[in-house]
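In order of appearance the chains are A, B, C and D, and numbering begins at 1 in each one.
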Amino acid sequence: MNTTSAVASESEPFIETVGLKTHFRTPRGIARAVDGVTIQIRRGQSLGVVGESGSGKTVLSRSIMGLLPRNGVIREGSVRYRGEEIGNRTPKEMRSVWGREMAMVFQDPMTSLNPVMKVGKQVTESLRLHLGMNAAEATEVAEKIFRDVRIPEPSRRLNQYPHELSGGMRQRVMIAIAMACGPNMLFADEPTTALDVTVQAQILELLSEQIHDRNMSMLLVTHNLGVVAGYTDEIAVMYGGKVVERAPTKVLFDNVKMPYTEALLQSIPRLTQPSHSRLAMIPGRPPDLVNPPTGCRFAPRCAYARDLCRSEEPPLTTAETPDHTFACHFPVGSPEYLERKVEIERRGATTGGGN
Amino acid sequence: MSAVNSSAGAETAVARKKLGFGFWLCIGWLAAMVFIALFTPLLPLKSPTANFLDSSQGRPPYSPSWKHWFGTDKDARDVFARTLYGARISLTVGFSAITAGFLVGGTIGVMSGYFRGWIDRVSSFVFVVLLSFPSLVLAILLTSLIERSLLTVSLVLGLLSIAPVGRLARAATLQYSEREFVLAARQIGAKDRHIIVKEILPNVAIPMSSLALLGMAVAVVAEGGLAFLGLSVEKGITWGGLIQLGSDASKTLEKAPWISFFPILMLFLTVLSLNFAGDRLRTFFDVKEMTL
Amino acid sequence: MVFTVACGGGGDDDGSTEPATSDGTDTTGGSAAPSEEGEPVVGGTLRVGLEADVDGLNPTASALAVSGLTMAQAVFDPLFTFATDGTVVPYLAESMTPSTDFTEWTLKLRAGVAFHDGTPFTVDAVIKQFEITRNDPLVGLAVRPYYPETDAVAKIDDLTMVFKPLEPSQYFPSALTAQLGYIASPTWLDALAADPTLEQQPVGTGPFQFDSRTEDSVTKFVRNEAWWGTDLVGPVYLDAIEFYPVPDADTRTELLLNGDLDIIHTTDTNQFETYREDTSLTLDISEDGEEYFLMINTAKAPFDDVRVRQALALATDRQGYYDLFNGGEGQLANQMFTPDSPYYNPDVTQEGNDPEGAAALVAEYCGENPVAEDGSALCTDGKVNMEYQWSGPSVLATRIADFYNENWSSLFNVTFDEKSQADHIQEAALGLYNVVGWRQFGAENPGDDRVWLECRNIGGISLNWPRYCSEERDALIKEIANPANPDERTGLLQQLVQNIHDSYAYIFMTHSSWAVVHTDKVHGQCDRIAPEGSPLVCSTNGRMYFHSTWLS
Amino acid sequence: MRYYVQRVALAILLLLAVSMLTFGALNVLGDPLFNILGPVAGDVNNPDSIKMIELAKSEFSLDRPLPVRYAIWLSDFVRGDFGVTFSSTGQPPVSGVISERLPRTVTLVAMAQLFAILVSIPWALITASRAGKISDRISTLNAFFLVAMPNFALAVILKFFFSIKLGWMPLTFVADDPLSSRLFQMILPALTIGLPVAAVYQRLLRTDIITTLQQDFILLARTKGLSRTRILLVHALRPSLFSFITVVGLNTGALIGGSIVSETVFRIPGIGSTLVESVLRNDFPVVLAIVMIVASSFVIINLLVDFAYTLIDPRVRR
């Protein structure tokens, strides 16, 4: 595997989607939760998928992993894992992959851990299933993993129930569960939102450290650009079921193209700011996925939108900066953008100092 | 099918707001039963007590024939006539029992739910006491102490339904007495009686009424059970009694199953209809599961 | 079928004075001669299904019904018993000879007989038994005529004694063929006085002796190896007998067919066909044992008025009853005798099926707006208020009640009163009833039925259940018993029948039929003989005898 | 700990109330004298009877005020002395009858409960995992029929087909048979009681499992690559059992009610059938004893169920 991965990491992507579409049948009509998304993650690399709730990021991760129910769902496009098409596999076929190859860390450890099962068992059961260990071996390994994810006095914890652990501990347990069988692909779905700020950092540290040690690839889903900033190699910003901007993390932060991404950036809570200072919130609601607005889906909420935006959907264009693509008619820095920006600032001044 | 499925609390949001064909079928059957119960004496039926001995046929019981559609029992009495007459007591008891239960239990429940305090504590305890007898046992205990007339048996079964109904009414009332419109009414100093009658009752009545049918089913079955044990209305013709008469000796059951099976069929269809219709109503009004 | 227990309840349960009866049908209905059955085999346990359990097996106090008598007959021996020809022959007694005027009877006991507990069987045992029995409130009533308070008996020697009955009666021996004739061990009777629970563990002289007993479940007797009868009437073949009380006739039949029981008795005529169909079963019916009738309390309003009693009789559809509940078995009864009896009175027929007549009488009675002592009205809207009592719970009894209600409801407001058997009998004895279903009469010696009829048996507790007293009747009874005029007896009995009928205290329904049914494993039921050799009956109104029984 | 104490206290309070109710009912509405003397009690014109009546009154302290009698009776009752009842042989102790028949009823009810649980759990698991599919809907319909079939009718039907027509099951219960065959004879009676209850259990458990299956931790379990069956049995079942257990407890009452009917139909001499007979015979002492035993065991069972709760749901442990 190492040889292949060595190759893989350089050349072709470890996991990729091409024009992936996931649509739900609802009483109101078809909801385009994921609408033609193409992404790649190379071996050992991590991709942050960022967007407001309802942008389709969670659905994206789940449909890549093939966790979505079959009935009531329309899937198109392909999902390739190590060059193999897995998009059309049945859950039964996926079982060998789940846990062994791919694992997922969920948002809320309280509801995601079985409340009436000792956490130890929740870790060992997949060990015994996939690696055919006996109880003793499995417990041993579990204990080791607990140590890895820095759970103090692991042997005792193993015999505790989720409700006996703190939120952070639970999340560590969940990571332990995910890591148990040494998967190569980790999906982390808002792994820190349910935790309080102090713990968030620790967990993220832990995650990135783990994938680095184990040379895993990760898809980190979050609504908070700040979270991905330090911990992912690449970022894909999603809006209305589409990827609207995509770039290596550093590049993106230095050189935002999409006004939406810019807005997200402004909504990051910064430790430098006094906590009470209001964040710049994006006005308006995320788009209706059943009948989305024509043209650019962000246009209705975009301060820089013009008639073109509302009539014509912007193509995915490549920026001058490396590996940087975005979908916007009048990206940040373009003359139209600047012109509008001046107007906004002037209006802000007249109305008395803005915020 | 959709009716059945949603009636089982299955999760199709679509079927929820329709009562469905099954519901109306049941209502139809129940209507027929009520009609029979009301007008049996006027119907062109054989006497339910006369002995139709027929030496040409040998000894009764006679099997179903053109003359006796449901056959006759050991005493050559017409099972068809008796079965229809049976609907009378069974339904009357069922109906009056649940009515009594709803009047008394409902009132107590609403009171304790609205006023709380000692009324609530006392009544709740009484309910618990009543519920700590298995209902059939309590029914037997009470019927053993009284002249078993139509009225008394109904009352006994009514008493049984007080506790469960009361608890429900209380719970429902609790919900509403905290709602804005009630609080508001209190703010402006409306009289309690006024609030209960104008604000609470209308809201509590709907879910409760949807449970009346289920309650009646329980009462009908209970009456049947008592009758089967010979503890229902004395000298009365009831389904339970008929079934018992046809099944007390396995020889009778073997030679003349019709004596007990026709009443069983009627009873079953009636209870089924009550349950089904009641359940549909409940899902229709979206009322929580209850145990009567 | 609890019903049998119920009315049997009435008739039988005061079995204390119920003498054995029998007639040809016993032997004809009985099983064949031993030769056909092959050689008797010793051993085996016989499982007997009885219609009821007994309170106790104490001849001096227990109310022995058919079931009780059947059990008692196994542990005790009666002083006398009936031969198939109807004559009374000595059994445990050696002989009993009357004085010429029948005022004294000299009883000779069999020598060398001992009770199960070793106590020798002597005159003292007999005397003790009669003393104790006389003091019993109920059974005592039956003994007193034969065993007055004072100077009742004279002891000659250990095996000879003289009885001095209240009045001359030729029927004394036949009165000693059942409960009064079962002699219990005096030692046991003494112990009994101290500890009543011993009632459950009888000690007699019989072919079997008590082994174990669980009330309402099973009673077990084992062979009495030292039985006096072995060399006189033949050995006891069975190792043991187990008596199972099974009140429900259908269940009893089922158990017999499943082979869980070997022999049962029943009065449920509906079952007779089933038995006949099954070739592996042997059926033995006593056709004219007791009569089944409705019994009326003449001492209690409204039935203290003869018109009301007549009305009830007229309102009753006897034929309908017969068709429904006898269905071809047995026959309708007009009186206490069957037509083939020499004492049958052809002029006496039981009225019935006359609603108009009944209506007229009721109208007349209620016209007078009668009231009870407590002031309550005896009629309500033109109908007489009455109570019909039976012993239950029993489905058949309830069906019968429904039937009567259907007959009577146009003229009577009938209240149903279902009582347990024990209460049923007690209330009858205490006169706390209006109308009950009952079974009784049909004594082999009609004179023995006198206890039900005489004025002197009316009191707080009565054996004259209807509490109907008539000097004329008492006189007749005396005459019948009087040995002086044997040839007038038939005439006198026919007059008695007339007198009973005119009292309207009984509405005769049917001559009830008792059946004893056993599987083809059971033999020798009818191979019984008396010590002096005369053949004995196979069964008596459902009472069974087992000393000659053997299992193949 | 406090929780346990409170629950026990409530239970005791409950038992007291129940006993007062029963005792009061039977002594105020019934005639205790009759239960001791039988008809003699009503025979007030007869000196002998009057003597007996006086005797009985003092012997059984019927002349004392009701509360005193209640106290006496209660203290006897807790010591297992259920008083005496009238019978023509005298006054046999009620406890005799009870001790002979109670075990049968207990066996029967336990058997029925066992059937109900054993049937309902797999039934619920299967239907829940196929929720909405045809098989599920059909079984729901069946459950509906079962619930609508009164147990006395069901008893008759089962008896007709399995005992009479097919002859698979024995018709009668023989108290003196060896245990094994007695248990066999109890199968049909137990099914009579258990099946409708099983349907109730299934309906409830099915809904709860469906809810559980929508939980996040089930999704997590799936991402572990566990098989459908393992997820159902190991992850979904236990968390769904809470309300199930309560209902199982509450239904013991229904089961006891059922046993009354079933014992009567299949002629099993248990306390259920005895209760009915005693009622028909106005044998109040026996009725009183049985009702009290049933009610108290019902209360106690529910108490135990509450405690069992704490065992299976770690979250409510104290």
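Just so we're on the same page, a residue touches a chain if its C-beta (ideal position, glycine included) is under 8 Å from a C-beta of that chain, and two chains touch if they have at least 3 such contacts.
Keep in mind the model is a prediction, meaning the values are calculated, not measured.
Peer 1: Along touching chains only, what is the step distance from subunit A to subunit C?
Peer 2: 2
Peer 1: Which one of the chains is closest to the middle, using the mean of its C-alpha atoms?
Peer 2: D
Peer 1: So which has more C-beta pairs touching, C-D or B-D?
Peer 2: Of B-D and C-D, more C-beta pairs in contact link B-D.
Peer 1: If you average the CA atoms of subunit B and of subunit D, how many Å lie between those two points?
Peer 2: The mean C-alpha positions of subunit B and subunit D differ by 22 Å.
Peer 1: Find the geometric centre of each of subunit C and subunit D from their Cα atoms only, then give the gap between the two centres in Å, rounded to an integer.
Peer 2: The answer is 43 Å.
Peer 1: Could you give the separation in Å between the centres of subunit B and subunit C, each centre being the mean of its C-alpha atoms?
Peer 2: 49
Peer 1: Which whole number of Å gives the spacing of the CA centres of subunit A and subunit D?
Peer 2: The separation of the two C-alpha centroids amounts to 56 Å.
Peer 1: Could you tell me which residues belong to subunit A and also touch two or more other chains?
Peer 2: Counting only residues that touch two or more other chains, subunit A contributes none.
Peer 1: Among the residues of subunit D, pick out those that touch two or more other chains and give their numbers.
Peer 2: 171, 276, 280
Peer 1: Two or more other chains in contact with one residue: find those residues in subunit C.
Peer 2: Residues 248, 254, 393 of subunit C touch two or more partner chains.
Peer 1: Who touches whom among the chains?
Peer 2: Inter-chain contacts occur between A-D, B-C, B-D, C-D.
Peer 1: What does subunit C use to touch subunit D in their complex?
Peer 2: Answer in residue numbers: 55-56, 63, 137, 196, 199, 217-218, 248, 251, 254-255, 258, 260, 392-393, 418-420, 422-423, 425-427, 430, 432, 460-461.
Peer 1: Considering the complex alone, what residue numbers of subunit D touch subunit A?
Peer 2: Touching subunit A from subunit D are residues 215-217, 219-227, 230, 234-235, 238-239, 312-315.
Peer 1: Per the contact definition, I'd like the list of subunit A residues that touch subunit D in the complex.
Peer 2: 65, 67, 91, 94-100, 102-104, 106, 108, 111-117, 125-126, 129-130, 161, 163, 174, 177-178, 180
Peer 1: Would you tell me which residues of subunit B are touching subunit C in their complex?
Peer 2: Checking each residue of subunit B against subunit C gives 49-51, 53, 55, 59-60, 74-76, 230, 234-235, 244-245, 248-252.
Peer 1: Would you pull the subunit B residues touching subunit D in the complex into a rising list?
Peer 2: 1, 4-5, 7-12, 125, 128-129, 132-137, 140-146, 217, 221, 224-225, 228-231, 240, 243-244, 246-247, 250, 253-254, 257, 260-261, 264, 267-268, 271-272, 275-276, 289, 291
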